[in-house]
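First the structure, in the form of structure tokens, and then the observations on it.
Labels for the chains are A, B, C, D, E, F, G and H, by order of writing; each one numbers its residues from 1.
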Amino acid sequence: MDNEQLRQLLGNLHDQSLSVDEALKQLRDLPFKDLGFAKIDHHRALRKGYPEVIFCQSKTPEQVVRIAEAQIEHGETIYGTRAGSEVLGAVEKAIADVEIDRLGRCFWKKSPHWKPREKVRGEIVVCAAGTADMNVSLEAQHTVEILGHPCTALNDVGVAGIHRLFAHREVLEKASVIIAIAGMEGALPSVIAGYVSCPVIGVPTSVGYGAHLGGMVPLFAMLNSCSAGLTVVNIDNGFGAACGAVAINDCRGT
Amino acid sequence: MDNEQLRQLLGNLHDQSLSVDEALKQLRDLPFKDLGFAKIDHHRALRKGYPEVIFCQSKTPEQVVRIAEAQIEHGETIYGTRAGSEVLGAVEKAIADVEIDRLGRCFWKKSPHWKPREKVRGEIVVCAAGTADMNVSLEAQHTVEILGHPCTALNDVGVAGIHRLFAHREVLEKASVIIAIAGMEGALPSVIAGYVSCPVIGVPTSVGYGAHLGGMVPLFAMLNSCSAGLTVVNIDNGFGAACGAVAINDCRGT
Amino acid sequence: MDNEQLRQLLGNLHDQSLSVDEALKQLRDLPFKDLGFAKIDHHRALRKGYPEVIFCQSKTPEQVVRIAEAQIEHGETIYGTRAGSEVLGAVEKAIADVEIDRLGRCFWKKSPHWKPREKVRGEIVVCAAGTADMNVSLEAQHTVEILGHPCTALNDVGVAGIHRLFAHREVLEKASVIIAIAGMEGALPSVIAGYVSCPVIGVPTSVGYGAHLGGMVPLFAMLNSCSAGLTVVNIDNGFGAACGAVAINDCRGT
Amino acid sequence: MDNEQLRQLLGNLHDQSLSVDEALKQLRDLPFKDLGFAKIDHHRALRKGYPEVIFCQSKTPEQVVRIAEAQIEHGETIYGTRAGSEVLGAVEKAIADVEIDRLGRCFWKKSPHWKPREKVRGEIVVCAAGTADMNVSLEAQHTVEILGHPCTALNDVGVAGIHRLFAHREVLEKASVIIAIAGMEGALPSVIAGYVSCPVIGVPTSVGYGAHLGGMVPLFAMLNSCSAGLTVVNIDNGFGAACGAVAINDCRGT
Amino acid sequence: MDNEQLRQLLGNLHDQSLSVDEALKQLRDLPFKDLGFAKIDHHRALRKGYPEVIFCQSKTPEQVVRIAEAQIEHGETIYGTRAGSEVLGAVEKAIADVEIDRLGRCFWKKSPHWKPREKVRGEIVVCAAGTADMNVSLEAQHTVEILGHPCTALNDVGVAGIHRLFAHREVLEKASVIIAIAGMEGALPSVIAGYVSCPVIGVPTSVGYGAHLGGMVPLFAMLNSCSAGLTVVNIDNGFGAACGAVAINDCRGT
Amino acid sequence: MDNEQLRQLLGNLHDQSLSVDEALKQLRDLPFKDLGFAKIDHHRALRKGYPEVIFCQSKTPEQVVRIAEAQIEHGETIYGTRAGSEVLGAVEKAIADVEIDRLGRCFWKKSPHWKPREKVRGEIVVCAAGTADMNVSLEAQHTVEILGHPCTALNDVGVAGIHRLFAHREVLEKASVIIAIAGMEGALPSVIAGYVSCPVIGVPTSVGYGAHLGGMVPLFAMLNSCSAGLTVVNIDNGFGAACGAVAINDCRGT
Amino acid sequence: MDNEQLRQLLGNLHDQSLSVDEALKQLRDLPFKDLGFAKIDHHRALRKGYPEVIFCQSKTPEQVVRIAEAQIEHGETIYGTRAGSEVLGAVEKAIADVEIDRLGRCFWKKSPHWKPREKVRGEIVVCAAGTADMNVSLEAQHTVEILGHPCTALNDVGVAGIHRLFAHREVLEKASVIIAIAGMEGALPSVIAGYVSCPVIGVPTSVGYGAHLGGMVPLFAMLNSCSAGLTVVNIDNGFGAACGAVAINDCRGT
Amino acid sequence: MDNEQLRQLLGNLHDQSLSVDEALKQLRDLPFKDLGFAKIDHHRALRKGYPEVIFCQSKTPEQVVRIAEAQIEHGETIYGTRAGSEVLGAVEKAIADVEIDRLGRCFWKKSPHWKPREKVRGEIVVCAAGTADMNVSLEAQHTVEILGHPCTALNDVGVAGIHRLFAHREVLEKASVIIAIAGMEGALPSVIAGYVSCPVIGVPTSVGYGAHLGGMVPLFAMLNSCSAGLTVVNIDNGFGAACGAVAINDCRGT
């Protein structure tokens, strides 16, 4: 139901070619398709600017495949995150030409209509502190890419050897948005946000042990950062950070 | 020490009109002024795009006044946040023509050179769920304004009567960035982020009681939001949200 | 030991056809059957209005089967919740004609005397925010049904696409009680309770990740809801919510 | 804006005596009055069945008085909860004939149109475990009474001397809904819910010390109750429990 | 090194048949045997009144067997708790005539010198609230028995059907000490301690789910009990409760 | 209502000099006196072996005085704990010859019938780790004394200078029960319980700072003690520890 | 009781100029003086290398003064920490020539025998991240100084403007031990420990707000530091860090 | 890039045999080798005094092997910690002559240039409270040894039988630094730090159950120790404690 269809319906109401009751009834037939266990919102792409992503964690392989197939049937790009090996196996078998990243735990298949976003502010830079944060970094990178934005990744640039990070000064300085991913004490986003002037989104990860509280420590450390302006997403939420970065990097209205 | 001065110094080094040792020593005389208890970074304005703000909480009134006076002497805009009534009293007495907002707990005095930011993306909208979140909302509004960006505020638009929020649909739809402030169960940012496509920054507040954990409940609720792309700052951190919003709203490089 | 038997015993005492000591001794022979490891309270059905349900979690398959068999022998409806696959396998093998729902993790076999509750207020509506909350929703639905009350289910109606929920406005408006199930930030019960005037019971679920604390976040969010009158049960406790709803929906005394 | 007014507006639209744009604009003028810091929803009474209550905690005395005066002007019953002594003083001075309960921390003034609810299921019973839980009990009692329902209170009936509770067996047995309030280990609601068959709402209180976690211990104990069907509200939330009880006790549709 | 040996050594020192240095050296040869990874304190039996128990959790099967063999060699009773199936298998194979309780996760073999404690106050009663608390109950029972005290067990006597407990009134009333074991909301020890006058030791268990915090909820509930005099041990610590009960039940000095 | 009165009533019932209804009605007139806000259980002394103690925290001075006066009128010993200075002032003024300990925050006045407990096992020893734990120690000492048991106190015997404790070896060794009070890391009870063979009750205190969690750290440390048999009460609960100790020290049935 | 006295006593025992019983009795007269509420260990200076410090928090002014006077009488240096203004006032009045630092909340008076530690490794450097951490920094500095070690302080060198810290490179590089104090996200110790090779002790402070958990966030961040070798003390524990640093800096045995 | 190379580069710049731009470019080629997923810092050995250790947890076997091979190629000592059995298997197969400790979960292969540290203060003593803490103890011991320092281990010397510890008095007294490892209530480091005057580093372990919080209890207990000067590392962090101990034991500058 796009804006044109709505205007037409309202015209008909005013023309009396439609009764009030009938118009209301039509409006109620909202554009989501009921699969019984999951309602897919095909028009979300228009409303929010990107397709409905399949969050696979705690869905069965069968559920994921059925949702993906319904989206493909509708001509949409499919993109699944947090997919365990069982889900990835089922998807690989069921959907021809699907692309899969096992370390990043995601899969995707672009629709024929997919094209890169034309008007963007610049490049989104994804920095990860350690080798063990790679899976979150990959989730963020794939999300940015599927949503049509340019992306650069810097891995293993944590604060224990801070010269490694500053070797990439130029990449940081010309970034449009930076996603900074770190586990342990989570200091990387603070250091970056104290250095650059573009928006920085921190992603705490569950990498650590002992008094690490499953990632709560880097989460709280980022929220308490001395570097004003740093904003934060949930633990391990590379996907959410990418969505936030894309919203910033998007030149809407131009 | 701005870029020109640096280039001159490097020239002198290459000309041998300066020894390596001497050049290094000069570089080390970094542009901060030591007051004994607090080092003020006067060049921060250049590096980060905004002046060093005085976070007054846990500073004595005397310390705050001395920092503010040093900044004024240097020709800078002063801006203090989290100022209790004792600090505000001292500032009011010591600094001529200072402006004060008691509910928002801040004070400011713009330098003669202050001017609004010329190139911005659009308007920053500050939404607060309840009357009791007003102080955080005011802190965010003043910060946006001091940093030279346009700001609109919507108060008492919480989800218990969600029609109140949607009465302001147009304001929300044309915002460049939205700061969404909420205590209690912290649902407002989720609802807004599910509706608009611009970046949304959530600010949990300490307003609530019982199993509210001093604001941890709305903080965690926002981090777990179903609305992908929502980013979050610390509890009651209106200042940090404003800095994040300004970084997004700024047309750097143009 | 029902009321009639009690009156008879008291009569005998007053008639002196029974000594005080003997009467006390008979009263002490309470109507529970000792299986050694679990005492089954067959008269609970009379006292509380519904049969003793077998909470299978942390019971061995053998224990569950023995309890169920004892109940069947006594002519009672059996109903087991939180039954893992091993327990369900044992039950299926041991008890003829038992019904099983693997996703909802429960089994039941109605006694020949089972009949729907005759006098109820109306329909109990079970709403679940996401596909992943389905198991909790099924537990609630089966419990309502076994206890003899009418039940309607709405799945995947979470707040990220709130139009999906409001497409079911009519169902919500004529409900007698609503059970609202949600993980993540747990906003669904708040939104529903702000909309309808019937009693709403919130069920937080353990669906989520990162700073989700195994369901504590939606639990706390619901407890802090701005929508006054919302009451809450334990995380994933579809069974408890159903019992609460049935107590409300029951026309006792009529 | 009630249903009749809406039908009239829709008629005008269909008659073309109103343009679509004009009709939309009128619909948007929602029935809340903007006081700048708090939007009062005068029609809430119709939608939810009870007036908008003033939650005074974290509002200034001036804000509370202005909200109350606006409600009185509109002919509504006023009712304020969580009012500290300063707020109560201001209200007492500003509003003629207001009634005040200092221990229960609330005030009220019924509108001339106030009348008891005509069709209710029965009596709401409010039980409190200890003398120190009295303030929460009073908040619940006043709320039930203002909302027009009959109320009976049982105080100091905690489980340490459980015979005190059972001395009131008859009151419990004929209750329509029971609100059970307890601090310390919070066992009272469990015991009551194991005894009666009507709905029971538990209210944990912040009364206790040491490893009491400000009321989290009785809250969690109630959520883990062995007595299925018990539902719970936030710590010290007598008001919320009363709203929940009233929703249950209300004979809607009759 | 018992008291007689000590007196002899001191005699020798005073007689100068021993140099001070030599006496000190002998004193230092404390009566524990070094197995490399665990020092066994054979004289603990004398000092504390019971043998050193093997806490098997986080020990390898080999370690457990070697410790047990060393104790047997020394003529001691062996007793192991928290033994997983792998450990129990190894023990069964290595040690002739060892006794094993798989549900209680323990094993024992009494030394030929074992005999029941002659002078005790009375009987130790172990009450468990639910079927799922049986393993903790068995650990407590075996410990009491191995330490030579008389023990009676009451299972499945939780507060949801409190008449089940009171059917055993006589057992409770003549107990010397009561160990009360409960998961969920942990109300059983409170109820018992409010009823009897003998010492009661509460044991919270990890049985529960959702906001149960792995047993922290019944632990905290017991600590906050209204029944003064109730003391508590760690979650699932049936062994510790039994040791505490035995210390109370022991007629030392008589 | 003591046993004799009960036997008489039962006799009357059997004699038919009393109808069943009448007998039940009399039984229901339980021996507690209703003051409106607090029900005093005068027969508790018989049932539990000690008088009802007034826990003053969160009671008003007026409430405390009224409860105390009602107890005195009934010929009972009064004893109040957790009494702030305001309560103590009111009590001192209202009740002649009352005794007060301001540091221990309690007051008492023995009834003329008070006498020391005749048959006890031995002496209760109260050990406190630091000067700052003195108030908890005094609460425990006074409680033991009021309940009629002999008491010895050892103060400032914490583990930082463990020789201070062992200088009192003899007192420890002949104790009947030991109450061990400690804040900070709470190691004292562990050390004592590892040394003596009599029952030891640990009392964690809220003395400490930083990562002390208001006493949760010593509480958890005591629960995790390597010294099996140590039992624990709530933080700062000197009263509860004394009640537990008295139950152990009491020679019931002799 | 020093080593010489001990040797003499042992000599006497061996000479039989002392009976065993008498020798034991003398050994038991340990060198602490009992003030009733606090046992002062005058020989601690010998055993641990520094005097017993008076931790004033939760002691009354009278208690502090009496302890200090007893120490002075004994010829010892006095040093009190965590002294509130009331305590400082009492001390100032009672003890001639006492020195006081109100911001650092401590007082001291060196004994005539006080002298700086002769053999130390080098200089102890105390770094504090912000102006608000000054009180903890002062506590650490005074402690180092009283214990006789050389101390240098660097204030306001937090990571938000990390160039401020590195301007002091030379001080850091020649330090013997570094105490790094930080609130907020607590990143300073990590950064320093990643830079220098000497031992670094981190001190988290309670400076911060929102999701700061009273200093738990910087505490946990430091414990999770990527910079291996960093050790940590309790929140705000400048005193403890100084004691740890002094133990490291001390050239014992030389 | 060592100091000599740097001086040469600066010489060239001053000689004008190098342009400023070129010199900067060379400086930027920092001495780390990029493996794509992990940047190895070969010069760390010079800067911090020990090689980069491979923290294997959350790295794949392939990643660990590749990092180790790159280090060997560079002539460095390799040392991996937290290596699960899968990683150890891969390392054993890939790297000739590697040494492995399965209980300590680590592997190492010294470079031909490895030699013990020449100038050290003394011996590092590693004490572990229980058999179950052995793995943490071994991690600490191997780390000390690889870093070239002398090491002595004392196992199973926990406080439940404190005489076991004091049997090793002499070892403790001549230690240069002590690493004290304990789970359960974590009292061992407190006791040792109260006894010796050398620096003590506490390591809490995750050994325990019930209210043990995965090692948080001993962690907090150590942070709250009465024994001033004790410093602490993260739970189970034997490696970090060893690094801290080595930094203390190292005679730098001599």
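Convention: a residue touches a chain if its C-beta (ideal position, glycine included) is under 8 Å from a C-beta of that chain, and two chains touch if they have at least 3 such contacts.
What you are looking at is a predicted structure, and each value in this text was computed from that prediction instead of being measured.
K.L.:
Decide which interface, D-F or F-H, involves more C-beta pairs in contact, and give its chain pair.
P.N.:
Between the two chain pairs, F-H has more contacting C-beta pairs.
K.L.:
By mean C-alpha position, what chain is farthest away from chain G?
P.N.:
The most remote chain is C.
K.L.:
Using C-alpha centres only, name the chain that sits farthest from chain H.
P.N.:
Chain D.
K.L.:
Quick one: chain E and chain H, Cα centre-to-centre, how many Å?
P.N.:
Centre-to-centre distance between chain E and chain H: 38 Å.
K.L.:
How many angstrom lie between the centres of chain B and chain E, each centre taken as the mean Cα position?
P.N.:
60
K.L.:
Using Cα averages as centroids, what's the distance between chain C and chain D in whole Å?
P.N.:
That gives a centre separation of 27 Å.
K.L.:
What positions in chain F touch 2 or more of the other chains?
P.N.:
130, 161, 210-212, 216, 219, 223-224, 234-235, 237
K.L.:
State the interface residues of chain C toward chain D in the complex, per the touch definition above.
P.N.:
Contact set of chain C toward chain D: 47-49, 53, 197-201, 219, 223-224, 228-235, 237, 239-241, 243-244, 246-248, 250, 252.
K.L.:
Would you pull the chain H residues touching chain F in the complex into a rising list?
P.N.:
129-130, 158-162, 184-187, 190-191, 194, 208, 210-213, 216-218, 220-227
K.L.:
For a test of understanding, state which residues of chain F touch chain D in their complex under the given definition.
P.N.:
Per the touch definition, chain F meets chain D at residues 28, 30, 32, 36-39, 41, 44, 57-59, 63, 82, 206, 215-216, 219, 234-237.
K.L.:
Can you name the residues of chain H that touch chain E in the complex?
P.N.:
By the definition above, chain H touches chain E via 130-132, 134, 155-157, 161, 163-164, 167, 207, 209-212.
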